[in-house]
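After this come two complexes, each holding subunit A, first together with subunit B and then together with subunit C.
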Partner chain A sequence: MSTARELPVVGPALDRVDGPAKTAGQARYPSDFDAPGQAHGALVQSTIAAGRITGIDTSAAEAAPGVLAVFTHLNVPPLPRGPMTGLGVSPPAPLRDDRILHHGQHVALVVAETREQATAAARLVRVGYASVEPVLDLDDPRATTVDDPWGLDSERGDVEAGLAASAVRVEATYTTPDNTNNPLGLFSTLAAWDGDRLTVHDATQWPSMVRETLAHVFGVPETSVRVLSPYLGGGFGAGLRAWPHVILAVHAARELRRPVKLVLTRPQMFTSVGHRPKGVQHVRLGASADGRLLAIEHRGRSLLAAEDDDYEPFAAGSAVAYACPNVLTRDQQVRANVPAPVSMRAPAHAQGGFALESAMDELAQALELDPLELRLRNVADVHPALGLPWTSNALRECYAVGAERFGWSRRPARPRSQRDGHWLVGQAMAGVSYPWYQAPSLARATVTADGHAVVGGSGMDIGTGTYTVLTQLSARLLGLPPERVRLELGDSDLPKAPQAGGSGLTGALGSAVHDACTKLLDAFLDLVRDDPASPLRGSAPEDVLAADGGIRRRDDADRSETYDAILARHGRRELSADGSSTPARPAELGMAPAGAFGAHFVEVKVDEDLGLVRVSRLTTVIDGGRILNEKTARSQIIGGAIGGIGMALFEDTITDPVSGRIANATFGDYLVPVHADIPAMDVTFVGEPDRASPLGTKGVGEVGLVGVAAAIANAVHHATGIRVRSLPITLDALL
Partner chain B sequence: MRTFEYVRPLDVPDALAAHAGDTATAYLAGGTTQLDLMKDGVLEPARLVDITRLPMRGIFTEGTALRVGALTTMEELAADPTVERRLPLVREALLLGASVQLRNMATIGGNLLQRTRCRYFRDPGVAACNKRAPGSGCAAVTGPARMHAILGVSERCIALHASDVAVALVALDAVVHVEGPEGDRSVPLTEFYVEAGTRPEVEHTLGHGELITAVEIPRLPETTRSGYLKVRDRVSYEFALTSAAVALDIENGMIRDARIGLGGVGSKPWRAAAAEEVLRDAPPGPAVFREAAEAAVTGAWTVPGTEFKVELAKRTLVRQLTTVSEVAP
Partner chain C sequence: MTFTPEVPPAAPDSHPGVAGTTTAFTVNGTPRSVAADTRVTLLDALRDLLALTGTKKGCDQGACGACTVHVDGRRVLACLTLLAQCEGREVTTIEGLSRDGRPHPMQEAFVRHDGFQCGYCTPGQIMSAVALLREDRARTDKDIREFMSGNLCRCAAYPNIVAAIRDVAQRGGVDADL
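Moving on to the complex of A and B:
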């Protein structure tokens, strides 16, 4: 049969299979769905950050035109908190009690006949508060802290001894602000009960998790709950939890016995569906005079909600980024009266990479060594903690190819030595070692009597190309043209697949699809095993390959048969096979599973009087293992790198230091890059198929972002001689 | 649902009559500010008088001035050949403002009357805002203030007037033509706006119910060079951190006349008359430009988040004076 091994290392750039539907407005996003008889919800959010509700007057809202109900903590029964998920705890249940834990906390849900009526009535809900001074800051002495929240703190060798033995040491503190995921699509939930059966269209990256959560919270069997998210207007991690507003919409629908639709507003998107939490990091590096790392110490602290958790180990990645004998990483979280953070594209590594790769640049400066050469001298050719060979690692090739494409050799060593009119010009780089992550997955492949295939799993396409790459993969494995393969995704009724997140879905679901397609071919061979009419009779899987809409012998191209012919002769309407994939186990492999590697090379221009920073060039080289589709993978990397530019120069969720209110919760005030801020992006893939998975892929959803902020900060230093250790880098720091 | 009455008169007298100075009535032009504020619950008019059908659109030459109908859109004014040739500072200020979609909706009259982007003003959930609720205080002075003003402000209000084109227009001594229940009048733009002072809720001298019908923009002499520089974090679709509208008439190596407007810094579009005085009859050059810049920001009132704007405004003005003085006449 055809196997993944026969796939090219970099796959053909098939156009997005969902492109025509999206451009024609036929792809339906969560808020595009309506249900007959639906009512509309609008949230009321707290205007204090800490304290208690002393009273809620809902009479005016209840009397307003069209209003059906106002839900508050006074009339919503205690709802159970959702279950543990593969990514940690569920958010606390909404409307639990009278306590306010952050500004923008949901305090009421108004449901009315129309969205406008609900919105207007929500303004009529009068909430009395007894306010206390909120904890908003990392340094607030009243804050409680959580040490080593994920058990990832690590230590090898002796950092103090390593530092003492070092010829050159650098030590610095880096700060990163809150960033908000800000997918373009407003998150939306449409909940409809039919008896004990529940159907929910939700803006989620993880339909099976939402199903499990809703079944748990509302006490119904999982099989009674269907969650759909076939298309999503972005997520960047915001869709990885079943948020309180989802629970509220489902509760309201059950109470009112009507479908309820709830669409968040843009300001509510800043407080209701997570964000990248602000943090401070302290890094100490020591190296020998010839640039060998002798010590890495990385300590990170990030802000956390008062009663919720978040996975944000800033420092952990530094334990495996370089070959270094003495390493210490420590992470701590600080509880505050802030909305719950959530994984935002490349959680922890976005911030950790900024600190570590900035510090590496500072070390290169102190060593008077080329920053690329410093990285090359410290590449971890084996996994530095496990001592095992990597399942794949083309980091050296990333550096070499990137340097060549960027023209690194022409870079002058001395900062502030290039100018273009009143622009100071600088170039710098950063390396990335992204961690491996994979979750188990199921999938199903079916060939129908008309010779078409239907392939799917409950995982969803966040917009990055899952439909497309799995179509390509299935078509190749089944020997069908892509137009005869239909993907079904984003539906919890399909075989359970993991989240679109953690750069893991293509590897997990793709491997399960691979398994399903392999088993489907086996099933066809089983069907014709003793079939005297079949030219394939008696063939073993290794004797055949899939081609031309069917199966043919490898040793005799004339001995072949199409799927529809086989099905017709056996009176079958279709044939299906289930597949699965499980994460690789390092011990069994004898290797360390590798995530993606990468290198970013950046040129910036800085106005010497006005401090304006513009990124003028960006070259990124990625080892993503096997690339199924060069076009969609490149788009992933470009999108990630643009996120990195936003993180470096623009994105900053600003909290009022007195009230705890987010002061820039609009797209006019929260800056993301516009087209004119983005230079031409040069993206190249290197490497070979990874040995940890049958597909050989490594996730590329996040690696493109990591390190970009450091590369830009380093380039700003190279241009100006000014080291900026706090993001975003705005002109005020450069005046 | 909160409802309001909507009327769309066809001529100015009907519009004035429909408004009738009623405090619960508001005019509606392009709506790019008004509708946002209504959606956010900041403004809750009981009646909207849509003026977009009034005959107040178009650009006409009147002697040495351009008369711009109040309903002329930002894009239309920017595309006008006379503006392109003779008023580059106006064109540049227009095209660096908002986005093309907004500029196709937003009118010149509405632009002059746009409300501050202060997110404390624009969120009715914030109790303390002297501009929205007179006497309630100002929550913005202790908040993140990077986008706020430093001139014409105090602890009562640091809200910024964020218009770009108004900065160019105050520098040009544009005149606002107004019709109201009491008849017609004309107000120089430099006297049209009111500093935040003790009553931040009062932003201009237009009476409630009065209507801007046209803006008269004096054309610059052929020999005058001008331009607008906008400094902001991203390349487009952001309000100015600082900006400078500059027009210089340089003859025989001496500045005969200078006009300077500053944006991103004032509670109103800021005319830097003291800086103009420094430049007049002086030879252009770095020293006098810096001296003018120092004069331009005299009296700045800052909070921790706005301190950098004093220096940035000076550098912005020096840069733009340098740029404009080096343009071939």
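Moving on to the complex of A and C:
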């Protein structure tokens, strides 16, 4: 049969199959759905960060026009917390009791006939509080801490001995602020019960998880819950949990016996659906005089919600980033009265990469060695912890190609040595990786009597291009033109697939689709095994390939048959096959599964008088294994890198240190990159198909962001001679 | 549950205490008369009352551009415009951009250049881009970037959006027939 191994390393740049719908305003996002008879919800959120509710007066709200109900902790029965998910615990149930654990916690849900009525009535809910001084700071002595929260702390060799033996040492502390995911689409939940059957349009990156959670919380079988998320206005991690507002909307719909739609406001998006938590990192590096790393110590601490968990191991990536005999990584979380953090694009690596790659630049400077040369001397050609060869690793090629394209050799060594009028100019780089991740997945492929294929799984396309790349893959594997393949995604009724997150969906669902397509061809061969009318009778899978809308013998192009002909002769309306994929295991492979690698080369200009920083050039070279579609993959890298520009220069969720209120919870005040901030970008893919899966992909959703902030901070240093170790880099640091 | 958007009656008297008003205007060439609460924005009217959900809400505060539509040919933020202000005006939304059943050249260029990822900002970007060409502000990439900066794209498809607009501008602007 046709296999993924016959696919090109960089796949054709097919236009997105969902492009016409998206550009015509016809793609329907969760908030675009309505249900007959729906009511509208509006949330009331706490105005203190810690303490208790002493009383809630809902009478004015209840009397307001159109109001159907006001839900508070006084009338909502204790709801069970959602189950453990593949990414950790579920958030605590909403409206559990009178305790306030963070500013902006939901304290009531008002449901009314119209959106305007619900919003107006929400302002009439009066809440009395007894507040206590909140814990808001990493260094608050009252805070409880969690050591080694994920069991990822690591140690090899002896870091102190390594440092002692080093000719050159650097040591520095790096801080990163809270960032807010802020997908452009407001998160929305539309919940409708029909008896015990529940249908939910939810802004989720993980329909199957939301289904499991709602079944668990509301005590109904999973089979009676359907969660739909065919399109989502971004998420960047915010859609990886079944948040309290989702549970509330479903609860209200059940109580009121009518559909309830709840759309968060932009300010509520800052406190209700996670954020990248602020943190502080301490790095010590030691190297021999010729630039060989002898010691890496990386300690990270980040803020965590009072009663929730978050995956944010800042330091863990440093254990495998370079070939170094002595490594120590330590992570700690600090519980505080803050909204729950969540993975935000490249969780932990966004922050960890900033610290490590900044420190590497500082080491290069201390060694008086070219920063690229320092990286090249320390490339981990085998997995540094496992000692196993990588399933693929083209990091050296990333460096070489990037340096060539960027013109690295023309870069002067000395900082503050170039200018363009009143702009100081600097160039720098960072080397990065994003770890391999894969979850088990199922998929189904069906060919129908009209010779079309329907392929799908419950995973969703968050904008990465899943619809498109899986259309291309299925078309290729089934020998059909892409126009005759329809992808079904974002529906929990489809075979269970993992979340759109962790750069793992293409690999997981793609491999399951690969398996389903392979089995579907086998099923067709089974059907014609003893069929005297079939030119394919008696063929084994290895004898045939899929082409021209059907199957043909490899040894005789004239012995072929289309799917529709086979189905028609056998009186079948369709033929289906289920496929599955499981993550690779290093022990069985004898190799270490590799994530994507990359190198960023950045040029910045800094206004000498104003301290204004502009990114003027960015060259990124990525080893993402097999690239299924050059166009959509390039967009992923561009989007990630611009996320890195935002992290480096703009994004900063500011929490008032006294009240715990977020002071800039709007798009007017929380700055994100806009058109005018972004230069032309140069993205290139290198490398080979990865050997951990038949598909050979590695996932490119996150690697584009990792290290960009470091490359920019390093370039700012090169331009100005000023080292900034605290993000975002704002002009006050440069004056 | 069916997902056909319902057009509620929205009679003014269904909102006691708040004045209602009837607004007569043109949407994508079709005359419309909508009775609604005076608090209803053009954005909510399009989405909730006229079932035109192509126009998106990203902030409801005039800060993201996702709700960009044309009123009398000029780009405006529908979330900062009350429905009642649209009396007698002509509103064009993303749904009204195609010509004779064919996509507008800008829509085609966005697809060709992959000028979006999640697609949520896209209707607003495209409406802004079409107006940009009419305003003759797409002469250079720098101009395009400057005058498109009111349209946020959190997926950050910016370079591809600029490429799409440049492409249409070079092929003859709003009159391009690609």
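Here, the second predicted complex is superposed on the first by the 735 of 735 C-alpha atoms of A that agree within 3 Å, B and C clash if a C-alpha of one lies under 4 Å from a C-alpha of the other, contacts with A are read in each partner's own complex, and residues count from 1 in each chain.
Just so we're on the same page, a contact is a pair of C-beta atoms (placed from the backbone, for glycine too) under 8 Å apart; a residue touches a chain by one contact, two chains touch by 3 or more.
Small disclaimer: the values here were computed from a predicted structure and weren't measured.
Look at A:Pro149: by the touch rule set out above, it reaches neither subunit B nor subunit C. In the superposition on chain A, A:Gln117 makes contact with both subunit B and subunit C. Of the two partner chains placed by superposition, only subunit C is touched by A:Ser31; subunit B is not.
Of the two partner chains placed around the shared chain by superposition, subunit B and subunit C are both touched by A:Gly668. In the superposition on chain A, contact is made by A:Thr730 with subunit B only, not with subunit C. Between subunit B and subunit C, the partner in contact with more residues of subunit A is C. Contacts of A:Gly66 after superposition on the shared chain: both subunit B and subunit C are touched.
Of the two partner chains placed by the overlay, only subunit C lies in contact with A:Pro259; subunit B stays clear of it.
In the superposed pair of complexes, A:Gly237 makes contact with neither subunit B nor subunit C. Looking at the shared chain after the overlay, A:Arg16 reaches subunit C, while subunit B stays out of its contact range.
In the superposition on chain A, the residues of subunit A contacted by subunit B and by subunit C overlap at 65-66, 114, 116-117, 120, 666, 668, 673-674, 676.
Remark: subunit A residues 15-16, 18-29, 31-36, 65-66, 113-117, 120, 182-186, 192, 194, 199, 201, 231-234, 236, 259, 263, 265-266, 462-465, 631-632, 634-636, 638-639, 641-643, 646, 666-668, 672-676, 678, 680-681 touch subunit C in the complex.
Put simply, subunit C touches subunit A in their complex at residues 1-6, 8, 14-18, 37, 39-40, 44, 47-48, 52-64, 66, 93-95, 97-98, 103, 107-108, 110-112, 114, 116-123, 126, 141, 144-146, 148-162.
Contact residues of subunit A toward subunit B in the complex are 47, 64-66, 114, 116-117, 120-121, 123, 422, 609-612, 614, 649-650, 654-659, 661, 663-666, 668-669, 671, 673-674, 676-677, 728, 730-732, 735. Residue ranges on subunit B touching subunit A, taken from their complex, read 1-2, 41, 117, 119-120, 123, 125-126, 139, 142-144, 146-147, 231, 233-238, 241, 308, 311-312, 315-316, 318-319.
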